[in-house]
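One chain, chain A, appears in both complexes that follow, with chain B as partner in the first and chain C in the second.
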Partner chain A sequence: MKRGVLKLLLKAGKRIRRSSHPTSEPSVAPRAQETGLDRRFEQISTALGASSDLVLKEIRLGGAAGPRVGAAYLDGLSDTRQLFQSLHGNDRPLEEWLNASPEAVLEELRRTVLAVGDIKVIDGIENAVPAVLAGETALFADGCAQALTLGTSGGEKRGVEEPNTQSVIRGPREGFTELLRTNTALVRRKIRDARLRIDGRQIGRVTKTDVAVMYLKGFASEAVVAEVHDRLDRIDTDAILESGYIEEFIQDHAFSPFPTIYNTERPDTVAAGLLEGRVAIFVNGTPFVLLVPALFTQYFQAPEDYYQRADFSSLLRILRLTSFFVALLAPSLYIAVTTFHQELLPTPLLIGLAGQREGVPFPAFIEALMMEITFEILREAGVRMPKAIGQSVSIVGTLVIGQAAVEAGLVSPAMVIVVSITAISNFVVPAFNMAISLRILRFLFMGVAASFGLFGVVVGLIGLVLHLCSLKSFGVSYMAPYAPLIRADQKDSLLRLPVWALRTRPRSIPNSNPVRQAPKGGNPS
Partner chain B sequence: MSRRLEGGGALASAVLLFELLLGLLLLTGCWNRRELNELAIAAAMGMDKAADGYRISIQIINPGEIAAKKGGGMMSPVVTYAASGHTVMDALRKMSTEMPREIYLAHLRILVIGESLARQGIGKVLDVLSRYHEVRTDFHIVAARDRTAEEVLSSLTALEKIPANRLYTSLDLSEKIWATTGKTNLDTLISAIGSEGQGAVMTGIEIVGDPENGRTVEQLKRTTPSPLLRFSGLGVMRQDKLEGWLGERESKGLGYTRGNLAGAPISFPCPRGGYIGVELIRMKSDVRGEVKAGKPVGSVRIRAEGNLSEVECETDVLKLGSISELEKETENEIRTSVLEAVRRVQREYRSDIFGFGEALHRAKPAAWKKWKRDWPRMFAGLEVKVNVDVKIRRIGTVGDPVVQKLEE
Partner chain C sequence: MTTPASAPVSVRQFTILVFLYTVGTTILVIPAGLAAVAKQDAWIASLLGLLFNLAAVFFYLRFSRSFPDMTLAQYYERVYGRWLGKLFTLSFVFFSFIGAATVLFYLGNFINTQVMPKTPIQAISILFILIVAMGLRLGLEAIAKAGEILFPWIVLLFFILIACLLPQVEVHKLLPMFEADVSSLLKGAVSVTGTSALPFIVFLMFYPAFVANRKKAGRGFVAGTIAGGLFIAAITFLSVAVLGADISERQMYPSFSLAKRINIGNFFARVEILIAAIWFITVYFKILFYLYGCVAGLAQLLGIGDYRALVLPMGMILVVYSQVVYPNVVYAAEFDRTVWIPYILTYGLVIPIATWAVGRLRHRMRGKPTATSGDVGE
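Right after this comes the complex of A and B.
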């Protein structure tokens, strides 16, 4: 039985490609007016410029003599298997179909026959085209002015995989995919609450990219949600191909090295953010979801901090902050101390370093610059190279160039150590975009260290702190909860207290639901 | 959007300004920047009297030789340069004619002053060291006994490649566990020179053997290197002039009054031959100046703890009372050496290196005012009381002396 239906389906599903059969159209047109099926096919084909992936299919309901209906969809974007199964599987007698008007046929199809969710009735061909482009199927009945669009979006897509950029030892292994709906579903699965809101919209005059704003009503501040909508509304551009486009359009400070919008590949990070009153922005076509407002401390917190024990997580956070300073300052401090403040070094160390530098032809600054740039080149090459050789080439490159440069007397061994510890520390920072800002600032600090010594480094640090304190992300101070100092939020900033102690939501992020849980031992109310 | 477009002109000029400021960075010329391999790191400095001023010698570290992992030993780890000049700076700068690098004094470990210069007075040469910004104040100052500082600086040492380093660490160590030497750094020396109630001391250093041999690496290949550098005794200064030397026992006596001899061994003879040794492990001393019957009186209180370190005679250390006997003997020994030191200094040098004057100054400022002009004479006739309290805590890992077992 089932096989027979399929066979029938295949036979009926004769593809009509307008480009290949330009003359076949007028011969099969008993009612060749505006609403005739062939006219419809011609219109939609013209609108899409006779694209080769456009599929136009004609089906007769109730057998070979039944009324004609036609489906139009884009090959690869739509999953039409169910649609055709239900069309051919209907067991209404032929007479019933023949007696019905085209409008009644369409209504009958919509109401009972089609086993497809999300059916809309539309007027005119101009509404059918965007639907077809979005992967839906347009269904026409011969002679009917209206048409149906069926939510058949589907086709090939990447499955839910482990995120590449933010991996954890302990914690969920799922990451976002390129499909917006999958992504929102991943979060919804974690937060089963009616207050989870998703506001959809399309941005991009050409790409018409689906963008969704997700927040928890009653948790997120209304002002922040409104601000996000307002900023998204103001975007007027051709194309949104990745959430990075949105980020650049809506971020507060375009010319700061520091990111003021957080991005993540992890549904659990987004869920945690939403529960703290943050707002997430999903963009179709990328697994990177934006999270606002973003705080400076957030970039040093890994999702895992909340899955491992509190003491361990607190130590890790301190370690990350230490690495932050090492990655930022190690080369500049080395330059400053060895070229300006030799008296700061213990004598044996000074002699050791001086011995290593014997015969090195460049000043320490040039030496450091050379090594840092070499490392940046290797690193960039490692990212761009095919995966299979990328890693090995970068490791070999570092070893060979480091070793060879020392033996050739171009750099001192101590400098190789400084540069490597800097490079490794840079990878400790969990957020990639924060790590990038470190890489930029490091060179700046090396410059001031080489010109002014520790004095320059200190002045640079003061400038850096001033800059950081001036930043805002969607109305929230970037340095909160340190500047302004929010005492209640210290429980989850540099240290992380046990989960039962995190009774209130962070006040750094405006939210309208401050209490998270009952005090320890108390009854949750 | 429109705001951004309007801001385009301002943005462009901001970028231009930034680029100009970047250019400024290159123009600074890196003020006072010195690479490590442009420095001649001075480890030791010597000062001697010369016909027309001073002869300054500098021991420069050869970092390539010190840090070399292999192939070392070919060159001398240090190089000593010397030059004469009317002033110290004169001489230092004159050295640039024979040296490829700039002398860097911040890592100076030791300053050696030739005996003839020390006897003449060192106040003038210390000025440059305390004034010059590059010099720290944490190096030791010693006096070369019967020799010139240049000869001391020209001697290589075994074990420690940098002779200045070897002097620095061994002075540290010997002060702690042998006690006849004393650390003197620039600050204490200058304040002692300027003080009326506190005289300064400097540890002496002597060369054992022919100094000529010490100039080559060859002599280090022997198991008993010759010449050797050795600290010996303390030099007593009156104001900024070296007056003379204290012997071993008197140096120790001075050390006791300063309370810094923890770790020093004390020995005294047994009633029937042999010696008993006590190792002090903790020590506290208190120097006071008082006025009694209208006359200044100095007193020293010493409290110490020690362990029995060796017993060469038949004494039953386990017997009740024998330990307190030993304690008394130790106290006696300490008291005698302190008194000997005080008497010798009072008689010969008349410099209050014990600091009774300073103590009196603190305790009785009014009385001190009266006497301070005449303090060297007053000090010479000062009555000094010494009060010692020693506790012996441990007798070591055996009870009866080994000698006793031999005889049984």
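Right after this comes the complex of A and C.
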């Protein structure tokens, strides 16, 4: 057994040696035995190309004459203070260490000495390298074929902060971080149930990004979970740097302006999603967690809806949907009405508008197009600029350009109002990726409105509805619970009834545990 | 997860589609025709038409029970054999194609004369056919869902129309009541059925095969027909009661003129183009299903598994044909008055009844119960 391992190691060592450059090695005695500590260090150093962040540290147990053990880790990825404290702090007498075989030393370290939680025994150098790359520490004992890997992943990381994208007035302030483990822990803290499952995997041939699929067993539909795994399995790429990569690989419809996968920075949103039978996909290195299946109506629901009073939340949702239509249609309606259907306007208003437009040399469509594009430019500039000046520049830009354009007679004041209300309505939509789809479609609608008036707008809307109705997210109708209409789900789609009335889980999302709570019996009313 | 191939259309969706298809172009043109024959009793004729519609629908329900898993075209081939069946399918394809072309002509003509006189009618037809083709390519499931989403908006607009016009109803315009003789009432009712119920024959290309829960779907068929019929009756009633029989008769599109009459406090006025969204949507579904009948029948005829490849070419031909199907509006009106009724009676009633009879006869002669037995009691 031992000989077999040795042979294997010999082979591995040879392979590494052949492709190695014998430079920048730590000063060691040449030609040590294959399991010797110096040889180990040399192998690891070779495998990583003698990277400057590789730390190879040798320690003698029980004093200067004790047996040698060596630790290899990457500086900045590992938190090794505890490891070295426990190694140095062990108070076994020197004789005990000297009498033990290398294997016994390692075993003793693993069982009693090391104050590190996650310790694995590995064979051979080829298993040690990936562990070191993942931030673990490889621990070798001089002359021992086996080695230990210690879960010392740590180093600098961003703390749990308030999320930037989905801020709330009332509700938890914590947001996900870039660290997968922290993120899963944030959700686990909210759902203390044994049925919460996390399936880990690595995606990306080069980046080897950790990806975790989280769901509640017995809540999420098995079919959806299987589908998620299946689609993740099919990803074969070299790099996953953000959950957006995964999203593009696994979404149902590549060519649609509408997002069919929901993303969030908020643990409470993920927890709520899991409880509704959704499946969450965590990706290491990003605070954005994916939730599937996603519904159209979900993009108009803010996490806060469930923390504020029901009546208020319902009104807010209606307001958001109204804003959706304003952001989508305001410029096109303005174009259609001023170009084709002037009779729609009350006469005094029409005269006022005509007076304003008197000096404007462009048709309403060109006017609207100029202003909308200007606004998009300002907005993009505001996003990319340093935070401190970004906002002020965009405000000043809008004001100055808006005012100056009117005074110069390039656009009419009414147009500025339309563009502003459109822009502000666009920000009401809680999900950024849904807001983007609006920005794209708005131009399309302006085009049909300019050519065909309100008829064009209605035709455009029919097309939009058809497209939305054809979308699916992981086999679930995107427009549910409106089409197909699911009566039971109307309690929490456009309206949000009181929490005690949300007795059953949404049927739009396949789940295997339909009832959420007991009927309102115990509630004082 | 659902398997869309099995039953893409739910009962509720089917009911809505029936409603939209019934209303279709009928709402735009029928009040004028009714006012012409029945004068101030036009609304009675439209109610009578609703009864005829129901009779037609009951026949279709009975007829469709002979082929629960087939489309109409498949059933033709089953009853008449391969070649004769294909001949019937071919005539059906032509019928649906011409139906689609006439509706497209009406839409283009309506927009060209009432809304945007300077926009070329071809542009309007092309734009409209583009989304019809889009709908057909997306398939029945998406179409049915879209109907479900659009339906509440139609109802909302309809109630706005009714509510805004109620103050303008003048009862004396309805008097004297029950003056029209039976023959003119019947004539009016038949024209209602001819434009709203008999074109249901194209629905038999997907009903009952692609509709969930056949028994309830039958009830949905009836409910949609009743709702659509009442909708038409309400518009006819308003036309007569607000505009008067004379003006209704002389208008090309009385329901559109009706919407022009809306005036709430001088600021909510001339909103006819908003109300016109009702018929843009219903006409959309009318053309869509005519074209569906056409391409689905053609696919069956040519032995193509999926009709989708045929949608764009047929759509292009349709745009061109809609420009020449009627040389002018006068011809169209004349065609509707004299040719359309016998034409639709042939395709919507005579051929189906004949097929039904032949099918039963062959079934009896064969003397063995088949899977398509029509004797499942209600």
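Here is the rule we use: the second predicted complex is superposed on the first by the 490 of 525 C-alpha atoms of A that agree within 3 Å, B and C clash if a C-alpha of one lies under 4 Å from a C-alpha of the other, contacts with A are read in each partner's own complex, and residues count from 1 in each chain.
Here, a contact is a pair of C-beta atoms (placed from the backbone, for glycine too) under 8 Å apart; a residue touches a chain by one contact, two chains touch by 3 or more.
Computed from a predicted structure; not experimentally measured.
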item	value
Which superposed partner A:234 touches (first chain B, second chain C, both, neither)	first
Which partner reaches more residues of chain A (counting touched residues only), chain B or chain C	C
Touched partner set for A:475, first chain B, second chain C, both or neither	second
Touching partner for A:510 - first (chain B), second (chain C), both, neither	second
Touched partner set for A:452, first chain B, second chain C, both or neither	both
Touching partner for A:483 - first (chain B), second (chain C), both, neither	second
First, second, both or neither for A:223, with chain B first and chain C second	second
First, second, both or neither for A:99, with chain B first and chain C second	neither
Which superposed partner A:466 touches (first chain B, second chain C, both, neither)	second
Contacts of A:343 with chain B and chain C, given as first, second, both or neither	both
Chain B/chain C common contact set on chain A	340, 343, 448, 451-453
In the complex with chain A, residue positions of chain B that touch it	1, 25, 28, 30-37, 39, 41, 43, 61, 63-68, 104, 106-107, 109, 134, 136, 162, 165
In the complex, chain C residues that touch chain A	1-2, 10, 12-13, 111, 115-116, 119, 123-124, 127-128, 130-131, 134-135, 138-139, 141-146, 148-150, 266-267, 269-271, 273-274, 276-277, 280-281, 284
For the chain A and chain C complex, residues of the former touching the latter	221, 223-224, 340-341, 343-344, 346, 448, 451-456, 458-459, 462-463, 465-470, 475-477, 479, 482-485, 510
Residue ranges of chain A in contact with chain B within the complex	234, 236, 338-340, 342-343, 347, 350-360, 363-364, 447-448, 450-453
